[in-house]
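Multiple structures follow.
Presented sequentially are two complexes of chain A, the first with chain B as partner and the second with chain C.
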Partner chain A sequence: MNLLEHSPALIVAIPLLTGFLTPLVSKINKKLRNFIILISLLLTLILVWNFAFSYIFPREEPFVYVFGANSPGITLPSGYKIPVRIIFEIDSIGAFMSLITSIIAFLSFIYSLEFMKKYRGLEKYYTLFLLLTAGIFGMEFTGDLFNFFVFLEITSIAACALIGFHVNKSSCVNAGFKTMVMYTVAALFFLLAVGLLYGQYDALNIGILATKINGSLLDKLALGLFITALALKIGSVPMHFWVPEAYGESPSPVSMILVTNTQASLYALFRICFTLYGIVMNTALIGWIIIILGILSMFFGATLALIQRSIKRLIAYIAISQIGYMLLGVGVGLTTLENPQLLQNYGITAMRGGIFHIFNDAICIGVLFLISGAIIYRTKIYDMNNLGGLARNMKYTAIFFIISSMAISGLPPFNGFVSKLLIYESVYKLNPLLSIIAILISIVTLANFVIVFHGVFLGPKLKKFDNINDAPKEIILPIILMIILIVISGMFPDLFLRNLVEPAVKSLINKEIYISAIGI
Partner chain B sequence: MIFTTTIQTGAGYWNPIIWLFSFGLISILIYIIFTLIAEKSYKKDTEQTLPFLSGNIEEREEKLHVKASNLYWGFKTSLEDYYKFISKLRLGSDAIINDYFTWFIFTLAVIFLIIFGGMLL
Partner chain C sequence: MIIENFPFITCMILIIFGIYTLLFKKNLIKLVIGITIIESGVNLFLVTLGYRENSVAPIFTFASSEKMVLPTPQALTLTSIVIGFATTALMLSFVIFIYHHYKTIEIDEMRRLEKR
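After this line comes the complex of A and B, so read on.
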């Protein structure tokens, strides 16, 4: 038996089982608990990388894994015409997303080791953290809509509990509660849409449904519900309210992994628009809905960030704004899906930009949350008005902040510039106004980071920060690793575009391959 | 080299290595030019390097720092009406859960309108 063939199941099962094991091991020894979690996340990281580069990226067709079958490749039990078992269907976009998740989860855990050390209830923290990680992988791997809903709920429950982890702080509990309410609404509407499709077609598998959907009134109703529910989950304006609360109040390593959680919903939105509805629906119309949501998110996110005083809330608003770039890039690709000439002309380039920006956003926004965490760890202050002169004490943190903020603002030669350049130079062919707005918002984003840099790092040395220096190595190490990723992906973007992004774009466009992989 | 292939961006191209090389070269040129035309009477760590505050008594150093929320004061003041409008729409930080739901239902309605409206076209 080739164990690597079972990688999809193992990638979800390892963090899930370690999560349940954590409270028990915590009773015995806390160092042993940390060691077991470290090994499990490292193993997951290795499995994801090996699986993606051995099974997914080299070939065009998705990898299908069936739970409970005699062989993981048997999609149809004898006598059945449609698959009834739980099926994972992983193509390049799913593998791309899982690569990001595995990196972020691993680095977030290393950061948590020191950052969360002083708090009680860590066995609960790590259990929830691992549940969240397993749930995100599940969302990225599943080929079944109801299964996706289950993983969506797992991540929602774990995320909300993590956001409200500091139960002694009313603002954290409040943020956790608000996020829970909004996540529940999104999940309910998602479930309603799944129910509408199941009621009509007796199927839950995305591939099967894609062949059966005929554009009926109920199909369109379900599409509207899917888009709205997932737009809420990704924090798109005007349903962004939970994002500044959740990212701003949760512990910094949680904020970082929440970015990945949000991106898993973004992946689902793309999967539904391209694969599920791509054959029968007017994709140009859906594309424009996505573009409008993207433009609103970019504009409101960046302008609302300008008036924030809390460093983490400011970054959270920038995160909303960056989601807009991904929606814009992929949305433009969606508008051209029915026209091969336009798709070749600018649609694919826009999608390359949008998909590459998913990676850049996870790394850059993630590291900005870690940097803000390092500042809060040392100063215990969130309000930027009470900070200043920290570049004198926290030299390395200041340098890392400059690099990451330049990258996400789209300044050369970093990775954010590459993805944004691809977006600017392609979306203007659909409508020049879209490019103009995207460029202007990048300038506003940079202005936001000038505020943070000036307010937090520049200015005279303050007496209250006399004894402060850079955060400990466990906190700095993940930041350094992410900065290295930013620099490498900025200096050698072709390496990432050719090997990761382009297969992901192709897998979204060639929906027929995903549908036929199920064996119907 | 395999890693430094130029990227086609749709309307142009991008090569970070060439950019970095050009950036370094231009920086060196600017440095040389500035060194050549630099003010010769400049003396480091003398009174001439102190800030000129129009005869006002100098504040304590800690008070001289412009705080984060005061930065871009003029820009933000000119956008005051925009922020008031956002507040009226209940899209800002002052929104409560009722507003969250209102916007969710509003978005759902607009998306339905676009999808069903598009069907009629």
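After this line comes the complex of A and C, so read on.
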């Protein structure tokens, strides 16, 4: 059998095994350790790209990978067929998410090499980092609800330990504890919902459950628990209070990969709403719940950002408001799912905007965290009131900041403009008010970045920054690569929309294909 | 009827106790205890789902000809207990670090110290 057909297992296994190899190799040689991690992440990146473009995107149906067997079905002596093995089921949206994860993890590691060099305990840092990466891939690939819970907890533990990495700072430890409490409660709610479904239908596989589910009261309760748990994980507004501390206190490369972790939970929310409950429930109602969560996140995220003084906390609040755009776009798609005419009319466009915005958000918010990290690396100052005039010393950083903040605020010719325009024009047809709020929030976002740019980069030359220049090239390199991605996806959005986003949207809408792929 | 559902009611009561602890207690150790109570409730719920009347545990050595239960809920519970151990350990280690910084684990005291 072709080794590349085992890609789904390898993509999760390589970071996981390297992660536990790291403390051992670290005892021998630090350079060797960094080299091994670099090779493993590069290998993962290549495997993900090869797998996505040769196995997922050209085919219509999802790729089913069964651990320890060729086919998912196993017959009990009584003739009862049930998928008891661990099953990975990857369709276009899963592949799309894993592409983003692989890029972000690789660039975040290159950035960490220089950024984290001066700290002790790096072998643990890299172990947790690789665990987090493996967990995110697992969340995106798995076709089984309990497996998803396991990967969710892997990412929770790794992410919270990374947030509290600087244990000598009280705020970091506080943030780590708070986030851990939130993540654990979310995961337990998720497990309770899985238990409710298992008790009724004796199945854990998403495809099998979707055929059996009948919309009883317990199913609705389980859906409520799923939405609560995942909305907590993505930091949507009523449950957002852990986000600014988690993103703001963690080291910058970790904040970048935490955004991807959040988006993996977002993917799970879409998967549950579309595939699991898409057939039996009234999707218009679920769609409106998601739209309301999105609008709240957009509004409170962007307005609360206005009063922040710490640059990383400000970006964290912007990250909350950007999650709102994805919820809005895909939520509008969900309301039209039962009506093919409306779906063609504006539902698909809204979903294209929402899904494309996942990519844009990962890149733009990620690069903003990296830039703020570069500023902190040079000045050691978090508070914007004590910064100023840095454009004189850090010219390239200032230019990168302008590009990325314009992109995330939705100004042409960058990628944020494309996805937000798709959202505005389609959401307008459902309800004009939603579209107006979305545009207003974009303006508030831009205002936030004007404040940051004015506070950090403009102003008179400060004496304390005389010896400061741009960050070293290991820190600048990942930023440049991501800026290039922003510009390319802004200049040629069709390339991305046609090849990546379109199949992803189709795979969410055509849920029957995902459900029938298990074939029992 | 009520006797049959008694295990489920017990699990839900445990979970509600846990949520109450999380919402109204101001001591970090008590918060961790609250989460552990929710976790026990969920684990108990999973084990309860595995019970089937007139069937035996799935041990094939010297098995009688009676019906066997599918051991999935037990496997889930074991995994969940292991994960719960890891999360509890991590949370308690965070509490130790917080105690080192603030010399207290009461949330109100911590807030007061932060403002100063």
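As a working rule, the second predicted complex is superposed on the first by the 509 of 520 C-alpha atoms of A that agree within 3 Å, B and C clash if a C-alpha of one lies under 4 Å from a C-alpha of the other, contacts with A are read in each partner's own complex, and residues count from 1 in each chain.
Operating definition for what follows: a contact is a pair of C-beta atoms (placed from the backbone, for glycine too) under 8 Å apart; a residue touches a chain by one contact, two chains touch by 3 or more.
Owing to the predicted nature of the structure, the values given are computational and were not obtained by experimental measurement.
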Which superposed partner A:150 touches (first chain B, second chain C, both, neither): second
Contacts of A:161 with chain B and chain C, given as first, second, both or neither: second
Which superposed partner A:181 touches (first chain B, second chain C, both, neither): both
Which superposed partner A:204 touches (first chain B, second chain C, both, neither): second
Which superposed partner A:454 touches (first chain B, second chain C, both, neither): first
Partner with the higher number of touched chain A residues, chain C or chain B: B
First (chain B), second (chain C), both or neither touched by A:401: neither
Footprint overlap on chain A, comparing chain B with chain C: 181, 185
Residues of chain A that touch chain C when the two form their complex: 82, 84, 146, 149-150, 153, 156-157, 160-161, 164, 167, 170, 173-174, 176-177, 180-181, 184-185, 188, 191-192, 195, 198-199, 202, 204
Interface residues, chain C side, partner chain A - complex: 15, 22, 28, 31, 35, 38-39, 42, 45-46, 49, 70, 72-73, 76, 79-80, 83, 86-87, 90-91, 94-95, 97-98, 101-102, 110, 114
Residues of chain B touching chain A in the complex: 2-12, 14, 16-17, 19-20, 23, 61-62, 64-69, 71-72, 75-76, 79, 82-83, 86, 91-93, 95, 97, 99-101, 103-104, 106-108, 111-112, 114-116, 118-119
List of chain A residues in touch with chain B within their complex: 178, 181-182, 185, 189, 220-221, 223-225, 227-228, 231-232, 237-239, 241-242, 244, 282, 285-286, 288-289, 300, 303-304, 306-309, 313, 346, 349-350, 384-385, 387-389, 412-413, 417-418, 421-422, 425-426, 428-429, 447, 450-452, 454-456, 458-460, 462-463, 490-495, 497
